[in-house]
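Please find the structures below.
Each of the next two complexes has chain A plus one more chain, namely chain B in the first and chain C in the second.
== the complex of A and B ==
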């Protein structure tokens, strides 16, 4: 399996940049944007395999961005990132809104594992989409 | 205040404490996350990338960590001061400290809703004597209601001034009111008015301007 193309969305610029570098060192093709509008723009132009989205973005809740991304490209697998747990997280996973959830401060190995799982999920969704088309 | 009123105020007090603890700890975790990732990145650079000669980048990372530790310390001081004030029914305190801490508490929620927070504190404000626990709760809910009622791109200004009657805090929303804004804040208005009455404060709302003022009447206190 090739490494996932990851788009990280977090308004905490220093954190997002450090995570992108840490993922890049591990050979993931990672980029970051710092607000929901830029995230939607990137997804429209060059959709990633996996998105890691902060739950508390300026101007938009991360879960609302998740739902907006699904409208554009339902194959993207999404992971929410947050400094606090949310009682709604389990429901979002159950509903299929998100694939998984990671707490800040991040354990990098945990994030990497979840990104790998998300990449597999993305590939499966893509295959299904293509077979439905065919 | 009757027993139903006391119950309602107690419920608002618990809600306030919950929001206070979750808000501050959320911010503390965010700063810890930046420190952890910045330190982790340096470790990755040394252990995986084997690129140990980029001294300027490492110095920049150390400066970033230092800055985050300073922000963490500031938040810890705020939380500690704020919580200590909640312990007592009566004390003498600086009202500008209370507002500064409250603004740090609601900043994340204001940022999420894209509402700017502004302050205008008069210099040489007198110390305030009274019940800080109740006052902090009242001010929080008034500020929270204003932030939650505004559309994105708006602002809320907090002004503190003093006059012979006492210290006047004015919360001024600027911008359009959200069409879906709830009619009332998270703590009912009658509970806030009653709690204000208990501590000798007066809340007045200017419906036309949508601003709210709280007058803390001057009391004699030991300096």
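== the complex of A and C ==
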């Protein structure tokens, strides 16, 4: 399995950059953007396999970005970064809005595990999409 | 050593009060329920007692007036009786004398012997008759017959003689007499037929007869009655007011027929009723000075009606007692209400404080979470870089433990911020039907292993008839887990924990968790719901469990309270509404 292309969306620049580097060391093709608009732009140009989105973005809630991305490319698997767990995030997972969520501060092993699972999901979705087309 | 305060200490305490008026005011305030009691007691007592006193006074004066009237009527009746008796007696005597004078001629009477015969007969009939004398028109004594030898007197200028000459009959004042025999005179004028002349028959009477009529008036111990002449001279011996012939200063008495009663201030008896009755045809007035003994009569009446008096006293005593009790009840109610109000204010202040401290803690945790994440990722990155470059093994040896220490600290911070944010403040409530008993069973199920290991007895008194409530199952699990965990920490090995569920009196449910641990001291009790407050040893507890539980229960619309007795145990009581409003402050 090739390593996933990951797009990180977090308005905490230092956090996003550190995570991108750590994922890169682990051979993920990770990039970071720091707001929702850039995120949508990147998705439009070069869709990643997996997106890791912070729940509290400046000017927008992460979940709204998730829904917007779904409109553009439903195959992208998304993980929410959140300061805390809540029944809402559970509900979002049940609804299929997001694949999973990770609590801050992030344990890198946990994140990597979840990204790998998301990549599999993305691949499965892609396959289904192609077979549907075919 | 003497127990009494010395002069210095007394001065010092007085100075304290003087220097610290606030302390003095406080001392008075703490006593204010007592003063309120006194005030209410006397106000109600006055309100009830004054009308009673007025009615009593009115009754007393009314009774007094009736008794006074009764007394006056009685006095008037007695005096009339006495006066009439006296008048009748004098009338009889004058009639008898008139008859004798008319029966014989002047010449007959002028003979000493025949007058003596008549006197003897009359004296046998009227023992008070002392002498008879025949007096000619010039006032000379023509004949004398009596108990004592006559004195050759000349009466022309005597008042009684002049009056008898003019009116045909006269009764004199009382005279001392030559031999100290007090007497009065009845004189009858008798005309001599055909000669245009007259003579006078003079009869002398002892005053004993008068005394007899006076003594018919019933007198009390301090009463007096006597005859008095127009000039105020006493005519009969009084009991207290001097002797016969003394002059008395009495108010001017009316000369009307019948009895006159006036109030009089007597120099011996004080306030008395003075009764006066003019004895017709004489110079005398019958006088009685009597004390109206109404007070004594009321007293004797009360003594007779001893049962009524007893009942009145009992009634008044019951009234006073009821007033006392009512005052006590009212003041106690006021005190209880004020106390409850003060407690409610203190309670709500405490709740508000806990809520704001909770919010502050959650806010701080949220703000700190991001920088901690950055520290965490950068520390992680440093570690990654060292692992990527094995050639830097010298630095690596030194730096890796440092980086690990950073990661360790971040981990500790994470535990705290996650607990703060995750459980209470940053979570939304998801309301669903919850069976409380099921939640309790589930939570105690988690703890079974520890309970067994420490040999702690867990008793579940679950009321199975309770309805399901609309609440948040996950949050309630957190709360029960916290509280039962605390109970497990509190009891010694082999201790006991009782979890009971029941319907709450005010609707909703009540869950009680009781342990038989060491209990919580009062000064600690105040803080148990505050975040970061813990009595557990360092590293064992974050001091957030009860604070979060408090926040959760409040958000679910319930209450949580703790009650503890030192060395006996602690009971947590949670009440939950049937329907949680979910009044959460999610942000």
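Here, the second predicted complex is superposed on the first by the 134 of 134 C-alpha atoms of A that agree within 3 Å, B and C clash if a C-alpha of one lies under 4 Å from a C-alpha of the other, contacts with A are read in each partner's own complex, and residues count from 1 in each chain.
FYI, a contact is a pair of C-beta atoms (placed from the backbone, for glycine too) under 8 Å apart; a residue touches a chain by one contact, two chains touch by 3 or more.
Quantities reported herein were computed from a predicted structural model and do not represent experimental measurements.
Visitor: Is A:88 in contact with chain B, with chain C, with both, or with neither (first, second, both, neither)?
Guide: second
Visitor: Which holds for A:106: it touches chain B only (first), chain C only (second), both, or neither?
Guide: A:106: touches chain B and chain C.
Visitor: Could you look at A:58 and tell me whether it touches chain B, chain C, both or neither (first, second, both, neither)?
Guide: A:58: touches chain B, not chain C.
Visitor: Look at A:19 in the shared chain and tell me whether it touches chain B only, chain C only, both, or neither; answer first, second, both or neither.
Guide: In the superposition, A:19 contacts both chain B and chain C.
Visitor: Do chain B and chain C land on any of the same chain A residues, and which?
Guide: 12, 14-15, 18-19, 21-22, 25-26, 83-84, 104-106, 108
Visitor: Under the definition above, what is the set of chain C residues touching chain A in their complex?
Guide: Touching chain A from chain C are residues 366, 369-370, 372-378, 380-381, 384-385, 388, 410, 413-414, 417-418, 421-422, 426-430, 474.
Visitor: So in the complex, which bits of chain A are touching chain C?
Guide: 12, 14-15, 18-19, 21-22, 25-26, 83-88, 103-106, 108
Visitor: For a test of understanding, state which residues of chain B touch chain A in their complex under the given definition.
Guide: It comes out as residues 22, 25-27, 29-30, 32-38, 40-41, 44-45, 48-49, 64, 68, 108, 111-114, 152.
Visitor: Spell out the residues on chain A that touch chain B in their complex, using ranges where they run on.
Guide: Those residues of chain A that touch chain B are 11-12, 14-15, 18-19, 21-22, 25-26, 56-61, 83-84, 104-106, 108.
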